[in-house]
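These notes open a run of structures that come right after.
Paired with chain B in one complex and with chain C in the other, chain A is shared by the two complexes that follow.
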Partner chain A sequence: MKKSGLFIILLALGYQRAAAQTLTPQEIIRKIDTTERVASSWSVMRQIITTSGGKKRTLEMETWMRDRNDKQLMVYTAPKRVKGDKILMLNDGDDIWFYTPKTDRVRHLASHAKKQKVQGSDFAYEDISGGEIEKDYTYQLLGEEKIVGVDCYKFELIPTASGPSYAKLILWADKEKFLTLRIDYYEPDEILKRLQMDDIRQIDGHWTAFKMLMKNLQDGGETIMEILKIKYDIKIADKIFTTKNLKRR
Partner chain B sequence: MKSKFYLFYFFCLCALPPLPAQELEISGYFENQFFPQKMGDGLKLQDYNKLRLDLSTEISDNLSFNTDFIYRTFHGMTSINLLDFLPEKLSRGLVALPREYTTIEQPDENYLDNAYLTFYSERMNVRLGKQQLPWGAGYTWNPTDIFNDKNTFDPTYEKVGVNALKIELSFAAEGMLSAVLSPGEVWENSTKALKLRQHFHGFDLSACFIEKEQQTFTDALVMGIPLFTTFTEKRRLFGGDFSGELFGLGFWAEGAYNKMKISEDYGQYLTGADFTFENGLYLTAEYYRNELGKSDKKDYALSDWMRLFSASGENLGQNYLFAGQRYPVSELWNWSNFALINLDDKSAILFPWFDYSFNDNTEIILVGYLPLGEKETEFGEFGYGGFARVRVYF
Partner chain C sequence: MREKILKWIAHSAEKRAGMMLIGILILTVIAGGLASRLKLTMHFKNLMPQNHPMVQEFNQVIDDYSTASMIIIAATGEEKDLKQFADEIAGKVAALKESIKRVDYKLERDFILKHGLKLQKAKDLKNSRDLFKDLNLLPWLRHLNDNFEKTWVQDEESISTKEKENNAVMFLDGIKFWLQSLQAAIENGDSQLDKRAETAAERLLIGDEYMISPDKDMLLLFAQPTFTINEMDRVIAVENRIDSLIAETASRFPGLFAGTTGTFALSRDETVAASEDMYITSLLALGLILALFIISFRMWVAPIFAGISLIVGITWAAGFAALSVGTLNIMTSMFSVILIGLGVDFSIHIISVYIEKRAAGKTIAEALEMALLKSGNGIITGSLTTAFAFLTLTISDSAGMSEFGIVAGSGVIFCMLATLLTLPALLSFRDRILHRWRQKKHVVRSPEFKFLGSMAEAISRQAVLVLIVLLVITAVLTYSAWQITFDYNYLNMEPAGLTSIKLQHRMEDEFDVTPDFAIVTTRSIDESRKITKAAKDLKMVGMVTSISEYLPSAEEQDKRLQVIKEIRHSLLQNKTIRPLKPAQFAAYCDELNRLEDNIIELAQLAFLGGQEKVDKKCKEISGDFDAENRVSLVANLVQKLKSDPAQAVQKLNNFNTEFAPHFRNLALGMATTTPVALADLPEDIKDRFISNDGSKFLVTIYPKEQVWNLEFLELFTQRMQKLDPRVTGIPTIFYILIDIIGRDGRVAGGLTIIIVFLLLLLDFRKISYAVLAMIPLIVGVIWMLGTMQLLGLQLTMVNLMGLPLIIGIGIDDGVHILHRYQIEGRGHIRAVFSSTGKAVLLTSLTTMLAFGSLFFATYRGLGSLGTALFIGVGTCYLTSTIILPALLGLLEMKLKVNN
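Take a look at the complex of A and B:
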């Protein structure tokens, strides 16, 4: 009896593996999009920028996301130099506004400005804006590889017109969790940056990388983004994501 | 007396009984700016220390209070003789005037820069008090911004607050109607403004109407000496702006037509574009058409120069080009070069500009002024110089 029970379990596991193995690249990408594009979230994050010369700058921010990352708001809370600066991203990052309380001015960023570094970090605006792999890239499954001991799917992503400005991205995603673990950014054959996810935990049923390291492979600088607090599937009012709200102090 | 009032005001704020201490946020910065400039045969030095103290509190969910107080001390050359900046043909006649007529004193100052209450609701924001009113999409010039004085040599520097009542009504997703009243002595000389803004297919668009009473500079000949005087007149401004993206470039335009009660009507228009390359190199350019200016340097009158030196900072010529480049040398260093060119009198000023993040809360800016041009042109007689600015936030 026990044997037959074990057999059923093994059979079920075997079926699952076989099912996973038979996933098409499109199904895998859709699963990654589903995992990473959550309904809503609020988080407190810390960003540690280390320059190529070894100097460090630390920033903290509060972020709100809604509608599967379609709407995002980042508010810098420290240090005092940038406190109150806000970044609003709508339409999957197609529209980005920057607000600074120093001049009480809201500025709409043109597409080219999305290549600019955010507050001197190694993240560009286009790296932190939302988006959907299926919509913003054409993709090709290159195979499977282990990344820090985890079995991953390896994809080549070529940005479409709605995607970022990079020539291509190589993405590794956890085969079980369908969560991105690493991205290499290329321009066009030269690797520019590497994003590495670490400290993966499950919060409110969502797999979350609590540490993201963006390494600039050109100049040796790096930026770590750490999640200090996070909540998922919370109710966030629509009015938070408006340019009118940016001026609220 | 004034200082005592502000001190009293500060202590009153700190002692507001219904506000727990942790809800009153205190921040600010200290800034020192050193400004050497070559004038005549010598190097003149100016320096200031500025302390800005910001206080803010959320009184309730839909009501907040913000204020900042500024105390600034000036050192070095605190008395500026306008004759040093005027062409010889104009200054010649003024030499005989008593010194107080041609000199601007720069005493230490302390003032409430901003102090306002803001009421928020679903569809409406109301702000009352001294506040920032930044209007216009332009970078170096803002023809639709009649509330602020813009320094074309340092266009992003914070502006002085304007005493006003501002009501903002939002409609649709990103539409907004703003109404501003900045009271004068009576309703007739108060500044009234209306602005309609909408975001449409990636473009921010706005149209505005402003009515204000202002001092207009004009020339006067007194006993054969060319002097200037001012008179009061009504100005009605019809304007608008837009910013967005065209052919992959960031693109903006702003314009204003000024209908004057006494002097001639004039328009001021600009258009600009910018682009960022993959390596972070940022390029920008802006063209400005100023119908208030003169197309020939021979026509620059004393009143034009005084308007330039005055708070309004209106340029002398009709056509200008601003161009610049910024490059992030490292995460902490930006190196920029800007040029401001008067296309009519062929004079220009170049600004090499370095900004450095010394630590989390300290920034250092080093700027050079390199003027080019013949005598009697707008920038040709501006002395070589620059400034070093250190700002520490707390």
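Take a look at the complex of A and C:
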């Protein structure tokens, strides 16, 4: 009895593996999109920016995301100097607004801001804004590789006309969790930066990288984004993502 | 063969001491004459292979561009004092006609006033064109705000590079001065209104004419010398003269601090510091060693004789160095200290045995022969292993390393020869005189250190236990050695506390300009333009200066001229200045408040983006929100205006009556519609970017951040080489040098180990003895690195040389102990360590004292080498005197069991 039970479990595991192996690149990409494009979330984050000269700056913020990252609101909480400053991103980062309580004015940043760095960090707005691999890129499964000991799918992503401004991305996603573990960002002929995910935990049923390190391979700087708190699938009202709401204290 | 030579020396020293000494004196005088020709140069560029294309290109730039090396006069203090000081000192320095060609300390005002708008990008011109549409108070301020928002607030990338950051600071500085002028006009009425309004217009359009920092507390002047940096005598003389002029002028401005900096000042300071270091550390080493000698041998004469032998050896070595290399560099400059530390060892070994034998009742002739025979072999092998270790460095492509190999390698041999020839003759001479004067037998005390023998014997008896303990210690120190890091910042090797370096650091902070830039020379202006554009596109680049900045391409000029024509048209059309109506006063105040809001938002974005200078300048205008009482220039002005609106309107109109015409005239002057050509450029700009023969153009690329971490240095060098393979400059040269030194250091280290082993094999003629001698050396080197790491020390470009050196030096202890063991035979560990142990202890201590004296060198690179070698000699002594008795004890036990 015990033997047959074990046999069934092994068979099931084997079946699962065989099933995973038969996934098409499109199915894998859809699974990654499903994993990463959550309905809504709220988090408290810490951003540590280190320049190539070794200067460090630490910023803390509270963020709200909705509609599979299409809408995002970041509210800076520390240091004191920027407490209350807000950045609102709508339409997958095509519209970016900045508000500071010091002037109580809302500023629309230039339309090309999407590809610009977020407040001197090594992340661009388009790196943290929403987006969907299936919609924003053409992709090709390059194979499988281990990243920090985890079996991963390796994809080459070429942005579509409406996609991000990079020439190409190489993405590694965990074969079991369908979560991105590493992305290399390329300019036409050279690598620009590398994003590495770390400290993976499951929260509210969603796999989450609590630490993201973006290493700028052009100037040696780096930015670490740490999640201090996070909640998923919470109800966030529409009005949160309006320019009017930015002025609310 | 060796024995025969040593016996001959002993015999000659006993019979013909006077003749020998006269011969040595003559040789020494000749060598001294040659040595006086030795020159000193302390720039690390001189360590590079001089035929390396990057060094050749760098030297070519120095020759081709008269402005590539300038004497920089830097002053810090209050803005008003700084400007007055600059006006005075510029005249005095320019008066040194024979040495100084020109002094630059102001912008090329005439050129900017004629072509200024053409130097701005078409996009920026479009953003600001409305500013010239209507110069009446309200519309002008409204357009200023529109321009501000479009250019600085809504475009986050507007301050993303150092160049853009500097432009933002300049713009804000203009606004600050304009606000202050407005405030003064409101508060003080009409006195100096015309002048103030004119300056405000100029500051807004072209910025401050002085080369003053954004914070207005540091000012620079550039003096162009008539000679190059290679003429060190002139560099020192002129730098000293300018420094005295600065001191004399600055004394009249309390609170003002000034001095010279840049390559010239640094070279002068380095050379002076290194010369002083060389004498001071040599004297310190000699003094300490002689004191140790006197204390341990309890006699005065022997140390003096050792000192004389050493001086003879070093003089011969210096004479040879003058013939072979001609110039001493960072690495070879401390050769005398190294030779003092190593050369005195030969005397210690000879004197130890000589005194020991004389104390045992031997005659002068017998004692001399025995001293040379018993210690001579060890001295010759020891000196040869050390010399060969040094000489392996000659394989290096680096001029610094290979010259060090020649100077130190030959120096050790000269010191060995000088000691073998001079010391026995001196000892014989002295004893014969003493014998003649006193007519009685001179009594000499036995100098043995019995406790060393007892310790060695105890170790040999507990060999297994000792070896286990040593293994544990070695494992810990191996782990520690593995963790040691490298300090790539060459400034950390420069002398500490020098004014030139202090001012350079301050200059880097204030102006974001460092001497650590990359240089590319091009064959045409178009090529300069392409490289400038490609460099600016690199995210790691903060700023690029080239002739193309002053000479835009025809296509660029066309685009700009279209906007400039519009601006010119607006300026010519709207000449009428209408007074602000009382009804417009509230709107004007609102625009002032809007300006403040814009500045606050820019400050917030700059703070978040890490652009500190922009943030600071914004805070000077809108106040610091973190401060208890925020003082805002704008808020104060608005408050003042609102306190008496009627009078405020009148004073505002008075101000604009003066300001608007000046602004229009200046702008019209700058909005010329004829394209700028090469011939229009002022001489100093041409001097800066065009080679002396007019065939090449200079592009200077400043990294965004300090380059002194390896990862960034490597990236920067690679990117620059990709940009143009001819690239040169301090960071790229330094990166290549690190690479060469690292590679050659490894090869030299490996080669030294092989050569040392072969020499040991040749000397002992037994593989077991050669291996035995090598073990404490290898363990000693591991202990040295492990200890350095534990003490928080790092490897540097200079102390990295210590590794091959310590292989050559550290082997000596084992060689002497094993030689004596070979002579004394099995079962005499106590005797070996009682006698030779003392000599080994003393030689190690003297070497440590010599290297330790480098710790006091102001040149920190030498200090890092001295500290590394001090530790290395110490660990090699410990491993030799602990491991060898343990291993010998173990071997003896094994042989006993076998027998």
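One rule holds in what follows: the second predicted complex is superposed on the first by the 245 of 249 C-alpha atoms of A that agree within 3 Å, B and C clash if a C-alpha of one lies under 4 Å from a C-alpha of the other, contacts with A are read in each partner's own complex, and residues count from 1 in each chain.
As a working rule, contacts are C-beta pairs under 8 Å (C-beta built on N, C-alpha and C of every residue); 3 or more make two chains touch, one makes a residue touch a chain.
The structure presented is a predicted model; accordingly, all values stated were derived computationally and were not measured.
S.K.: Determine, for the superposed arrangement built on chain A, whether chain B and chain C clash or fit.
M.R.: Chain B and chain C clash in the superposed model.
S.K.: Classify the contacts of A:D151 with the two partner chains as first (chain B alone), second (chain C alone), both, or neither.
M.R.: A:D151 sits against neither chain B nor chain C.
S.K.: Is A:D85 touching the first partner chain B, the second partner chain C, both, or neither of them?
M.R.: second
S.K.: Is A:D204 in contact with chain B, with chain C, with both, or with neither (first, second, both, neither)?
M.R.: neither
S.K.: Give one of first, second, both or neither to describe whether A:E27 is in contact with chain B, with chain C, with both, or with none.
M.R.: neither
S.K.: Report for A:S165: first if it touches chain B alone, second if chain C alone, otherwise both or neither.
M.R.: first
S.K.: Considering only touches as defined above, state whether A:D233 meets chain B (first), chain C (second), both or neither.
M.R.: Neither chain B nor chain C is touched by A:D233.
S.K.: When the two structures are overlaid on chain A, which partner does A:G220 contact: first (chain B), second (chain C), both, or neither?
M.R.: The second partner, chain C, only.
S.K.: A:E176 in the overlay: touching chain B, chain C, both, or neither? Say first, second, both or neither.
M.R.: In the superposition, A:E176 contacts neither chain B nor chain C.
S.K.: Which partner chains sit in contact with A:G54 here, chain B, chain C, both or neither? Use first/second/both/neither.
M.R.: second
S.K.: Tell me which region of chain B runs into chain C after superposition, given the options 149-157, 167-175 or 257-265.
M.R.: 149-157
S.K.: Let me check the overlay on chain A: which residues of chain A are in contact with chain B and also with chain C?
M.R.: Of chain A, residues 49, 51-53, 55, 57, 59, 80-81, 102-103, 105, 108-110, 112-113, 116-117, 120, 219, 221 contact chain B in one complex and chain C in the other.
S.K.: Please output the residues of chain A touching chain B within their complex, sorted ascending.
M.R.: Residue positions touching the partner: 49, 51-53, 55, 57-59, 79-81, 83, 94-95, 102-105, 108-113, 115-117, 120-122, 165, 187, 219, 221, 239, 242-244, 247-249.
S.K.: Please name which positions on chain C make contact with chain A in the complex.
M.R.: Going through chain C, the ones touching chain A are 149, 153-157, 160, 538-540, 597, 600-601, 604-605, 607-611, 625-626, 704-706, 709, 711-712, 715, 719.
S.K.: Quick check: in the complex, which residue numbers of chain A touch chain C?
M.R.: 49, 51-55, 57, 59, 76, 80-82, 85, 98, 100, 102-103, 105, 107-110, 112-113, 116-117, 119-120, 216-221
S.K.: For the complex, give me every residue of chain B touching chain A.
M.R.: Interface residues on the chain B side: 27, 29, 56, 64, 66, 118, 120, 122, 125, 131-132, 134, 156, 158-159, 168, 170, 173-174, 176, 199, 202, 204, 243-245, 248-251, 274-278, 280, 282, 328, 330-332, 357, 359-363, 393-394.
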